Amino acid sequence: MPTVRLLTDDKLSPAARAVFDDIRATRKTTYVNDFWRGLANDPVTLKRTWESIKQVMGPGSLDPLVKEMLYVAVSIAHGCEYCVASHTASARTKGMTPEQHMELVAVVGMAAETNRLVTALQVPVDEIFRTPPA
Amino acid sequence: MPTVRLLTDDKLSPAARAVFDDIRATRKTTYVNDFWRGLANDPVTLKRTWESIKQVMGPGSLDPLVKEMLYVAVSIAHGCEYCVASHTASARTKGMTPEQHMELVAVVGMAAETNRLVTALQVPVDEIFRTPPA
Amino acid sequence: MPTVRLLTDDKLSPAARAVFDDIRATRKTTYVNDFWRGLANDPVTLKRTWESIKQVMGPGSLDPLVKEMLYVAVSIAHGCEYCVASHTASARTKGMTPEQHMELVAVVGMAAETNRLVTALQVPVDEIFRTPPA
Amino acid sequence: MPTVRLLTDDKLSPAARAVFDDIRATRKTTYVNDFWRGLANDPVTLKRTWESIKQVMGPGSLDPLVKEMLYVAVSIAHGCEYCVASHTASARTKGMTPEQHMELVAVVGMAAETNRLVTALQVPVDEIFRTPPA
Amino acid sequence: MPTVRLLTDDKLSPAARAVFDDIRATRKTTYVNDFWRGLANDPVTLKRTWESIKQVMGPGSLDPLVKEMLYVAVSIAHGCEYCVASHTASARTKGMTPEQHMELVAVVGMAAETNRLVTALQVPVDEIFRTPPA
Amino acid sequence: MPTVRLLTDDKLSPAARAVFDDIRATRKTTYVNDFWRGLANDPVTLKRTWESIKQVMGPGSLDPLVKEMLYVAVSIAHGCEYCVASHTASARTKGMTPEQHMELVAVVGMAAETNRLVTALQVPVDEIFRTPPA
């Protein structure tokens, strides 16, 4: 049960509607998922979040699928069910194969294990890793 | 300060030494970082962890650099300083450019933000994301 | 599905009943939410937790609504659905407006983002922030 | 040891310099803390993050000190040392008293405890908390 | 809704079937829980995970029930509902009494509280705790 | 660098001093570690936290060493360096052998891995684990 109303199109403020229009145009779909309908209660946060996502996930030096897989990995580590579901679906849309998905999952699991092993043993960072980048 | 001794080469059990030999051969370096020297106190866990890492991070359907970047992303989300430092260094060795690094960091930050926004709003997963894979 | 029985009033031990009586008197309501019905399986932990909550959330130098909003913020960061739902409801009861709720959510999201950016970049604490309090 | 160079003023790109100018003007101080010097390696992320922080932490329906305390609370829950140090210092600058600080800390600790108790007991959300906001 | 198909016995690859056979033989039950049916999409990860679990949770210097309770504690701290449910059930099978369960829960809650208090106060590790083990 | 002063004995309020006296008497040592010296800035929270710890970690149905190991496990999962160091030291004092320590660490690592695998795959809880306790 959401802690805010998920706004249907007819309840949007003009500012929120403008963001929804851009989401639809950018994604080339009429579907706007419920995360945005929750954020629409605060058009300023809605707009800022959407603009930020567009910038961060847009063209750059990393492949869009790689970015989406990084998003999935972080969402798993933070335990966000909605985010795992939606970004896994999105990664599939961007071409992630079932094999790549299972490899991503395996890497996340392995990282989780060694992250906790290191913390348990309180290993100081090796000098070799502390060399500042040039 | 580590919670266990970080074993120097002369303190290794034969079983631990065999793992160190494989680490050196696989990585083509004489350097074995301190994480492994901590785990060496338990040769069974040392061997299992190393074998698992080799398998998970080895050849597959994802690029080795992508796997390393996923490792960095999870390590950030789990707040493991050692892991962030060592896997960022490793990603650099595998070819990560400064631009790619900063993009990775930006994606992790963005994911963290929307992960928490979703949890705050308790948005249920859209039906469209719940379609089970074929 | 809870991992323990959620005790109805007729199943309470005398010690648990005494705590429930105090919850009802303090909150001026007959409703006791299911968290307490789970804890009631261990009257000692029930009593200690209730007494602690009463003390921590009671009158002090912070406004009760501010305390409740801090509770919501932590619950989001820890990914506790029940806690987000119940403390958001409680904050509303204490006067949180929809605008304040959305601002709280935005701050939590922003903090999550910069928390992870800092961890990714491993920025040491500036000397200026390390000055010990007088 | 940071994973990127912390850029001194003379190393800033024009785009990064413009952001630094705004940080200094907005905060009415010449000091720019090292978080921004790390982000300056990516002027786009630097600018987006600063603009977002300015908006989120700027005037609204919540008191600036309350926002800063929420930031501290989230930073504690995420285990970010730099963020705890810097935002606690910032909250002090905005008027947080030692008593308020210790109350904030107590609330965060209490929330952490009950967050985990609820998760341990897997208590479903009470119907009363699921009533959607009007 | 799982992000992968949960494979029924008739859909298993020979490699996955072999692991399922070992799970059934080791646990002396025909029931294989859905976690393994998800992992079965990647027989290599399935086999590695099962072999690792068998080793880690097998005979050693800690009582099997203690290991299971540690598993529950970590699962609570990571907010994994499935893991809390399944490992709490498993701990019961291994003899955990209701009293022990509630004590485990109380310890986890208490640890969560002081973990966050320490992080909030940024207390450096006492010299007395930094003495390296002999 | 702590965010509060760590109070030396001569700076304690009478209420804080009384708690320190009890810590010393209960633990049969003159040493009071710095966590308590930080909390001493708020004698009410100091007293409540100490009394809670005494109750939770005191005699019960779980062995004191088991409780201490659960504390270590949770501290690792929450990434609290101070807590890992201090409770690992405490577990040693209570008899934890190096072998038991490494087994504890291995279980925590394994749990972290499967916790994240489950979250990645979004496996629903099996009906068999949902049977409510009698």
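For clarity, chains are labelled A, B, C, D, E and F in written order, and residue numbers in each chain start from 1.
Note that contacts are C-beta pairs under 8 Å (C-beta built on N, C-alpha and C of every residue); 3 or more make two chains touch, one makes a residue touch a chain.
This is a predicted model, so every value here is computed, not measured.
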Let me spell it out: compute each chain's centre from its C-alpha atoms, then which one is farthest from chain E's centre? D
Which chain pair shares more contacting C-beta pairs: A-D, or E-F? E-F
Rounded to the nearest whole Å, what is the centre-to-centre distance of chain D and chain F, using the mean of the C-alpha atoms as each centre? 27
Whole-Å gap between the CA centroids of chain B and chain E: 20
Where chain C touches two or more other chains, by residue: 1-4, 45, 49, 52, 56, 74, 76-81, 84-85, 88, 98-99, 103-106, 108-110, 112-117, 119-122, 125, 129-130, 133
For chain F, which residues are in contact with chain B within the complex? 79, 84-85, 88, 98-99, 101-103, 105-106, 109, 116
Going by the contact rule set out above, which residues of chain D touch chain A in the complex? 1-5, 44-45, 48, 52, 55-56, 125, 129-130, 132-133
Taking the complex as given, what residues does chain D use to touch chain C? 1-4, 6, 31, 33-35, 37-39, 49, 52-53, 56-57, 60-62, 66-67, 69-71, 73-78, 80-83, 85-87, 89, 92, 97-100, 103-104, 106-126, 128-130, 133
The chain A residues in contact with chain C across the complex are 1, 3-4, 41-42, 45, 49, 74, 78-80
Looking at the complex, which residues from chain D come into contact with chain E? 72, 76-77, 79, 81, 84-85, 104-106, 108-110, 112-117, 119-122
